[in-house]
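Report on the structure given below.
Chain IDs A, B, C and D follow the sequence of writing; residue 1 opens each chain.
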Amino acid sequence: MTAPRASRRVGDLSGLPESASGPRHLVWWGNIGFMLIEGTGFLLAAGVYLYLARQTPRWPPAGDMLPGLLWSGIFTVGLLASDIPNVWLLRRSHAKDVWAVRYGTALMTILGIALAVARWFELQHLGVRWDHDAYGSALWLLMVLHTTHVITDLGDTAVLSVWLFTHQVGDDQFADVGDNANYWSFVVLAWLPIYLLVYWVPRWM
Amino acid sequence: MRRVLYVMPAALLLFLAACEKEARVIAADQPQTPPRGAQDPRAAAYENNAYQVSQGGRYFTWYGCGRCHAVGGAGDLTTAGARSDLAHIYATVAHGHTSGSRIPSEQIWQIAAYIRSLPHIDAARAHRQDRDLRGEPQGATWSGALR
Amino acid sequence: MRRMVLLACLLPLAACAGRQSPLAPAALQAEWLHWLLMLMFWVCGIVYALVIALLGASIWRGRHRLAAKPEIEPDDRRLSRGLGVWAGMIVVGLTVLILGSFVVERQLADMRAHEALVVRVTGQQWWWRVQYRDPAGGGWIETANELHLPAGRTARIELGSVDVIHSFWVPNVAGKMDVIPGRANAIDVTPHRLGWFRGQCAEFCGAQHAHMAFDVKVDTPAEFTRWLAAQARPAAPPTGAALVVANGACASCHTLRGTAARGRAGPDLTHVGGRRSVAAGTLPMSRGALQGWIAQPQALKPGTLMPAVALSGAQADAVAAYLESLK
Amino acid sequence: MSRLDDTWADKPGWWGFVTTVDHKRIAARYIVTVVAMLFLAGMLALDMRLQLSVANGTRMGPQLYDESFSLHGSTMLFLVSVPVMEAMGIWLVPLMLGARNLAFPRLSAFSYWLYLGGVLMLWIPHALGITPDLGWFEYPPLSGPGYAPGHRVDIWAQMITFTEVAALAASVNVVATILKMRPPGMTLARMPFFLWAMLIASLMTIFALPAVMLVTSMLIADRLVSTQFFTPAGGGDVLLFQHLFWFFGHPEVYIIFVPAVGFVSAIVEAFSRRPLFGHIAMVLSLLSISVLAFGLWVHHMFAVGLPRLGNDFYTAASMAIALPAGMQIFCWIATIWSGRPRFATPMLWVIGFIATFVIGGLSGIMVASAPLDLQLTDTYFVVAHFHYVLVGGAIFPLFGAFCYWYPKATGRLMSERWGIVAFVLIVGGFNLGFFPMHILGLEGMPRRVYTYGPEMGWDGLNLLATLGSAVSVLGGLVLVANALVSYWRGTPAGPDPWGGPTLEWAAPSPPPPYNFEHTPVVTGIAPLWEHDDLPVMTGLNDEAREVLVTSVVDAVPIYRQHSSGPSVWPLISAVAVSAMFVGSIFTAWAVIWGMLPIAIGLILWFWPVRGRATSGPLRTRAR
């Protein structure tokens, strides 16, 4: 068959909208894809932690200090609390509220910076260095992995906020704000099992 | 594409610098003689080669050197490598120890290169390498594999 | 199909070759594995013949049915029944193979005798340290790169590694078991056929992975007892130019029981002349091989941790002659 | 028509080359790079075969041999097999969906540049004599700081990070495209089988690849910042590496094999002139393979001394894969049986695939048995097994796919005669070369040995293996030469030379930058066979890059999505990421400082181009 194929028009798409929100939007699925990748990474890292814990008679090994509860507690409470404005921001982005997405992302940036500072102090009070033993290595693996996510989402939020304040906001950008908010919820949710692993599993074992 | 081409020479330079360090000399043509003074050209080939340095580290434990020269101990060698050149260290290993005369020349070259490298290795790294080699024979008193 | 027939012809042929082959079992464990291999081979061979027959038939059937117009809704009811039958056959075949596999696994597990002969084998780059419990004293009798086992008695081989991961494999006797630093593995073997066999490291372990072999001798129990008693004896002391073995460079890495040589880094040389090969299976044992190995280890086994030792011609001759005499 | 051309065309010259986001151009450069890698890896293989063809061979010493098999394995798995399947997906998925581009066009450009980074990461150091020499698996402690001085291991580990990020980016892209950009009417039930295969392989990639990125990062951390993951003396465990590596490594095989199943199905369907028999059974068996594949990794570790009960479970689970795989074989044969087959070269490759792959599958059942595996693993039996599976099971279908879609990609037909010559040489040479390796394994020859003594009696079969491999390589050269010559001299193909059932055959050959003038509408599983004329929908913007987004299950049109245009930022971001990866070999600080240029690259990549704000505190004020 070498001749071009004839076509027959059965409909028209020009009346369709130019954007959508939530799972109807294409980018939402890309975002989910990357969350799946990173979620798998978190799960495997948690697996590494538990595997090494099972190999050792005492966890943490004798002589290692337990990780401090103060700054991690502050960070955890702050992180959980930050999801409240975050969910609000997600809802406002669906409603295409320009004022809310501008100031909401700015608020999330400030909260993110505060949390990063809390995380910095938290890292100072882990009680063990990564090169001390396998316990320290596994602990730091989880912490570094999560901190990377906090920092990258913070950076993303900050850039988004600057852009939103300086540009006319279109439908796709509301979708971006929604995806960014979803991502922060992912970072919050991912922290809870890690928090239990890092701070409570050694105390219970 | 052109941008990639700009990047490539930069990467090349980076690796070229590392080249000498990476060579693996596995052959029968190794030195059977001690260094001829501080200017012996063979010294660089040992000091700058990661494989030779690493072999030196293994022989260092095999011959039990670590028992007196442990890090932090009385015979800590961490700064010795900075103070003396390879020829001097070679002479100290070969003639300053009763068992040194038994060690073949090739291995003293490697051990000396290892000692020369010690000032450049941070403590955590030395500790980590030592743990990898923990199961290996360490002098005549070694009692067996790590289980 | 033709290839399968070819393989079937080659299999018995291979069986007479193997000093290092799972096809020529010399122990109960290897017998079971050989049985399982044959079961698998025949089941898989029949399945392959069936697939090729079906493929050939469908090609043959289709050769004159060429048509430009595709068929969009073909009647597939008979083919669907065929698929069901096919799936059923696969399930039956798999069940046979899985059961066969389980049976053999259980047999291997049940073969642990209550009073096993304990042999310690330690892998290191690139040779094997072999230690037996001394029946007289209780200490360890050490040798290297040669394993002697009494026929009809289960031996438990305890495996350890001093450096990287190796794998202990004597195919005529049993399957392989990895030798892993930080882990204690063991493998049980019950040899019943006398003779010499060969084992080899089966996990890549660095430059000389290829030359990390060892010989295995299955003896009668009496022979084994005699051999072990001989191994327990100290070495004859060196004299003359060969003294360098006990006092010179060799002694810093090698042990010769009964002399001043007490190094632990290299193989025990107390009865090295009685062994079958030099340098972990690199060369067959002879005075010439020992001489070559001492003079040029890097030429024979590039990357080996054995250094070239500067010896005079007379010294080298004397050392090789002395080592060869250590039966 | 010309407005569409203007909208979608790349800029001419090198600027167009570096900025293009056209999935076809990106896939083409992926494939050209892969072919170059395949050639180099093949040469390495031949070199190793020459060394082994005689006892006590002197062609190579241990160092060179170790480098060769490490480079061969790493190249074939990370730089050939996985990328080429991604490339086929990148090229084919939008065409088969009647779409104008992938969901995230710039992400696919980024994916290629990073893949190229991985290629350079392995082969530039090789040219400089810094070649990884510990196999494609690099188990610690052999790869740890105590036993692997220098940077050879780091180079290997970062090469993996490069290629895995590239593969993950491509996978997310393919998944989003298949789920959200199907043409109106292509419900999940009407989705061609190849797209199912690509979707499942991409999802497997998403779940499997993080494991290898994690484990190579842990290895680098052990070497660079002295963590203690893999040192028993520090509380670590050397088997942890193997668990994580094979948690990736086993699904990896299926990530390579599943798209190949898609190729075979597409070819069988088109050349048997009937829809694939057992479409639903085929999809279900792929799904069950993809789930089972994540529960099998321990069968690569039967010899490490894990508890017996676990071994029994993994034996049964591993063998169970034979059921879905066997059903697929039956479905293909049944399609040929009940069809009106035409045996052009793509179909010959399918026949070669079935005859060869089934041997690999059956030897796979043998090695799946925990006790028997103790005799077979790490011998040449396993070498034969996985070459039968990967070459017979993935590369043969790939060659078939290459012959099948070549006219679509280039507009010209390849020579049938030379196609048959290449087929006979490759399939014949492969079987001649690799079948004897089963016997070598049973005669006790271990893997990864650079030499063996004459007393072992392995030389005859090794020589045969070398001859067969050489014939196979010759056939590969014929195949490539045929493709090159046909590119300029081949008979013009027209849009649909084979009478194919799926939408890509409705586009011109080669397809224009926008692929389809109008959006096709699908009413069945073989859309082009159902109507002589193609039902379409108009209305996508001609003057801006737009793609149609539809619903996940029923493919109902939802909205018209703006599709990103050409950009240099994916390249610059990839260069920044590369700099960070290369730097991280030398110092951990590179990870932190390297983030800065990456962040800049990504920000500019995603920076939406819109008017300045007219409201809010930072609005532009009228002068």
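Observations on the structure shown:
Quick note on the criterion: a contact is a pair of C-beta atoms (placed from the backbone, for glycine too) under 8 Å apart; a residue touches a chain by one contact, two chains touch by 3 or more.
Here the structure is a predicted model, which means the values were calculated and not measured.
The chain occupying the central position, as judged from C-alpha centroids, is D. Between the Cα centres of chain A and chain B there is a gap of 45 Å. Chain D has its Cα centroid 29 Å from the Cα centroid of chain A.
One finds 42 Å separating the Cα centroids of chain B and chain D.
Between chain C and chain D the centroid-to-centroid distance comes to 36 Å (mean Cα coordinates, whole Å). Shared interface positions of chain B, defined as residues touching 2 or more other chains, are 26-27, 124, 127-128, 133, 135, 146. Of all residues in chain A, those touching 2 or more other chains are 131, listed in ascending order. Residue positions of chain D touching 2 or more other chains, listed in rising order: 61-63, 141, 147, 225-228, 231-234, 237, 499. Because contacts link the chains in a way that matches no line, ring, star or complete pattern, their graph is best described as other.
Chain B makes touch with chain D in their complex at residues 1-4, 7-8, 11-12, 14-16, 18-19, 21-24, 26-27, 50-51, 53-54, 57, 124-125, 127-135, 146. Within the complex, the chain C residues that touch chain B are 122, 124, 160-163, 181-184, 207, 248-249, 251-253, 262-265, 296, 298-299, 302-303, 305, 307-310. Remark: chain C residues 3, 7, 10-11, 14, 17-18, 20-23, 30, 32-33, 36-37, 40-41, 44, 47-48, 51-52, 54-55, 57-59, 61-63, 65-74, 76, 79-80, 82-83, 86-87, 90-91, 94, 97-98, 100-102, 104-105, 108-109, 163-165, 167, 169, 171, 174-178, 180-183, 185, 198, 200-210, 281, 302-303 touch chain D in the complex.
The touching residues of chain D, counted against chain C in their complex, run 61-63, 66, 134-135, 139, 141-142, 147, 232-233, 237-239, 272-275, 277-278, 281, 303-305, 308, 311-312, 315-316, 319-320, 322-323, 326-327, 329-331, 333-334, 336-343, 351, 354-355, 358-359, 362-363, 365-366, 369-379, 431, 435, 438-439, 442-444, 446-453, 456-457, 499, 501, 524, 526, 529-530.
Contact residues on chain A toward chain B in their complex (touch as defined above): 129, 131.
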